[in-house]
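Handing you this structure, nothing more for now.
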């Protein structure tokens, strides 16, 4: 268990380093990292499904986007809503949604599961896109960020970039620890068993459906947390937040980082966003504007990852250390 | 709506459904036989349409363009299978989703590099340019009927191919059970390459024959992609028959979803939520039959 | 959607309050950015436009014309050199605020220019209102930007979605069209365009038989064409653009409705698709703030210069980009390039009369062009201007914007 | 539930049948498993033995018939419910968690006996019972030495042992063993036969096996299946003597290894 202690120390060090960022870096980079951490939470929530339970959800944006919409819809126009009420509500709605959808989609498996999760997220996309529930295609603003006051005491101010960042960082760490704990628990053992061999789990006496559903709901709620934070950061939600491109993007993050490793997807999220920044600023060269066609490179990159990095970046590191790379996908 | 209008709408629905079938049939074959999930299928529909346009500009007529285009599509399909898809058979669906998701971006950008981002039209072949009057205001374009006929012919062709020929026998064997197919001593590599190329060709062909009606524009692939997945999943993965039934079903749901007016307790449901109807249909079907209407347990 | 729709007072109200608050926020936002902007050195222009995907072409056209306008004025702004920072917004609303924020806070641009897609625009407006950065919209017509969400630092050189459609309402009545069916994609631009037409059409005694919608970006029109044929209206007002428009025009003709029912729409219906539809659009009349064959020296000069510089024909989008350039030139000239004197820049931009290829125009109190809308007719491969549909149109009325004092 | 007395019928199937399309894989089979008895089901390949086990364990739904476990009707219950009622099964095709170690496999099996695994926070390691049960099970099949080895690294025979150990780890009263000896070396087989003889004291065992020597050593009752139906059922002596069985099976089939 020495290596485990070491890993914990390393992580705490990283956490401390990240916590210093707002005191050294300028506003934009603090915001950039805030976004990265938010996407990191999103990616970890999906990793719980894909990497640990073996449930390839292609509609995870639904829970992400819905939470954002909930915040936008329940916060008063020009006054701050309370963080302590809106956050639980938003996550609750996402969880509830995951419960309903999960109860239906978990009846299917394999390709069907992938496609049905996609179909449900598209349904929600059109619900917000085609109706006036929340500004239709234009989307809807969150004019004022929620306030964190507790009986007059103001622990932090989300309007403040540094504060928001630190809060997100804390939540990121919290989610990580929570998921680690969960995966080390009896529950974690069961969903892992389900991923490897669900049929056998059933014959051993596990009501696998219930466990998968629980997993789906938890994952949905955490995706909701990420969506809620994203809505706070930019004060703007629109239907594309639930679109299948976002679902694809986060799936990409999970695999790029290395699914079934939890920290991997978080790394993947950051790598993806940095890569995008880099590719978009490609120079014009030999008459061809690479910057304009940056998606060509992004696409090729994704293809290569799928072919060459089944265990993602983390897998790359692990492969150097002990072969295999721990939690591969079964 | 009047009975007459109703009939025409019925026709519209079926006609749209047949076109969907044409695109989706390739998808369902690749799904069912190779167990490969190909998100880039829509891109091949787009590529087909652009080929039809650029080739007919050069060759002077659509028929030649289609002939050449299909060949190109088959070659492209084989190349991709050999270069990329082949590597993923053993892997989880996840990687297929990922790889083909990447391919969508690649093809969309290549399209922009090669053909630009403009909208283009493809001349309707003169022999199909006419329209048949249905009511005093409405008439039905012959080319649409022609497309429907082509789709039907193709559907029958596929049926015969699968039911009557040796390769069809392999395909059925493959769809029902992978171990069996090896035990039959069939060159599975070759079979897969053929099937994948066939799937691609079908998508591209669909793009080509619909190009004169739909015109050619960026992003046209992603429009059909998702709807085709819905078709395949509702019909049952690997079932051509299912794809046909589902496609018609969706064609009708989509058609009437747009024109019917449904209210529930003052809340307008249709056509306000027309965008949701097909997905709703899919959800309902899968709750009823988790493997689609004609799907086998996987 | 139509913030300015009479039947939607509630939402309008909230958006007006939104303007008040938002505007205040924006003004407050001026201070930090003032502190940041360095007096000397280059002026940073952030161009956030679609350079990839469906709208890629439009983004390029706008960029080219914008630069052309500045080049023609000595290639400097108020005597100061320029640095361009371009960013591909991919027409992806879910990344909009993120991207705009990148330009404002990382690249520290002095002016934010963009964009085409209305959904993305909403994200940019959000950031512009928070940061107070000078923001020029060269295309996206989303009404909110110059009604409910208007702010001192936000200008638009193109149109509001409803604006080009509005005059068609009266023209239809004058043509003796009494019953109209509307048909459009169910998304912001489509809904606002239809609202603009209806507002004017009904005002002049026209009657709307039915509103038909198509889920965006669905292009399977057949069912709705059948519906229209069975309703037999005198005219049909539609909003489609790009590939959708091309397919619609072909289907319209193929369904035999062309010539039986009058087809009307804002100019986007027939812009950039005439080659694609091969005659299917012949004779269709549309209204827009630009068109082919505007015989003014200014327009001729512009078209010549643009074609020469970029080996491509300018379109309405290019004109809007060009005017965005002219507007900025005027603003910066007034302060000799001292970007810190933002209030004076804004004042100058509000006052200036833009000598545009489309004809002279000014900013409304809501910072949306008060411009002539032309009636155009499709002749061959041209959208020939056959007259002015309405002079100096300010629509949606600037009164819908409660512009904070500045 | 009280310890069942020796000879008590723990599992009773009445007229169970399963049809796949036209053909009847299992047709009107009635069978009983008693406490303290090994009920062996034999028959040529394709006789429906494995299908029968799948029906009894709930892996497959019945087409018709009725199944009782310790007097309780379990017809139509899901396999996980049946398992929790004290019926454990092993599979013919080794059905384990390859990426886990032998110990982890068994511990996961034993964990299923906890009231619920919906425990999200307390580290699984703190639960001793499953670990102990797993160790016991591994010891019984004689694999304690290989406890830490990932299954991927075990020999086929060893995996078969794990397969059985997992079944034992769920502490069942009724054991359905589908060809437990298949692919085992002589020594391993002997050990398992020994184990069966020990287990039978406090279990009811239904055994499907092709190794006739083993079968006739451990079985108290033999049921011969042919083409999905029971041909004959009785004590070993009777079956050995039966002409029908001779013709239908023993005679024709060389040792049964199809």
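The chains carry the letters A, B, C and D, assigned in the order they are written, with residues numbered from 1 in each.
Rule of thumb we're sticking to: contacts are C-beta pairs under 8 Å (C-beta built on N, C-alpha and C of every residue); 3 or more make two chains touch, one makes a residue touch a chain.
Small disclaimer: the values here were computed from a predicted structure and weren't measured.
*Asks:* In terms of C-beta pairs in contact, which of A-D and B-C ranks higher?
*Replies:* B-C
*Asks:* Please find which chain has its CA centre nearest to the centre of all protein CA atoms in view.
*Replies:* If we average C-alpha coordinates per chain, A lands closest to the whole-structure average.
*Asks:* Specify the chain most distant from chain B by Cα centroid.
*Replies:* Of all chains, D has its centre farthest from that of chain B.
*Asks:* Mind checking the centre-to-centre distance between chain A and chain D? Centres are C-alpha means, answer in whole Å.
*Replies:* Centres of chain A and chain D (C-alpha means) sit 44 Å apart.
*Asks:* Taking the mean of the C-alpha atoms as each chain's centre, how many Å separate chain A from chain C?
*Replies:* The computed centroid separation for chain A versus chain C comes out at 35 Å.
*Asks:* Return the distance between the CA-based centres of chain A and chain B, expressed in whole Å.
*Replies:* Each chain's C-alpha centroid was found; their separation is 32 Å.
*Asks:* Considering chain A alone, which of its residues make contact with at least two other chains?
*Replies:* 126, 129-130, 293, 295
*Asks:* Send over the residues of chain B in touch with two or more other chains.
*Replies:* 108-109, 112, 272, 274-275
*Asks:* Go through the chains and record each pair that touches.
*Replies:* Here the touching pairs of chains are A-B, A-C, A-D, B-C.
*Asks:* Quick one: which bits of chain A touch chain B in the complex? Just the residue numbers, please.
*Replies:* Per the stated touch rule, the residues are 50, 56, 58, 104-105, 107-112, 114-116, 118-120, 122-123, 126-127, 129-131, 244, 248, 251-252, 255, 259, 288, 293, 295-296, 298-303, 305-307, 310, 329.
*Asks:* Per the contact definition, I'd like the list of chain C residues that touch chain A in the complex.
*Replies:* 1, 14, 17-18, 21-22, 51-53, 56, 60, 86-88, 90, 92-94, 96-98, 101-102, 105-106, 118-119, 122-123, 126-127, 130, 142, 144, 186-188, 191, 215-216
*Asks:* With touch defined as at the start, can you tell me which chain A residues reach chain C in the complex?
*Replies:* Touch list, chain A to chain C: 27-29, 31-32, 35, 77-78, 126, 129-130, 132, 135-139, 141, 143, 234-236, 238-241, 243, 245-246, 277, 280, 289, 291-295.
*Asks:* Using the touch definition up top, name the residues of chain A that touch chain D in the complex.
*Replies:* Residues 181-182, 184-190, 193, 196-197, 199-208, 210-211, 214, 328, 330 of chain A touch chain D in their complex.
*Asks:* Quick one: which bits of chain C touch chain B in the complex? Just the residue numbers, please.
*Replies:* 52-57, 186, 212-220, 222-227, 229-230, 232, 242-247, 250-251, 254-257, 260-261, 272-273, 275-278
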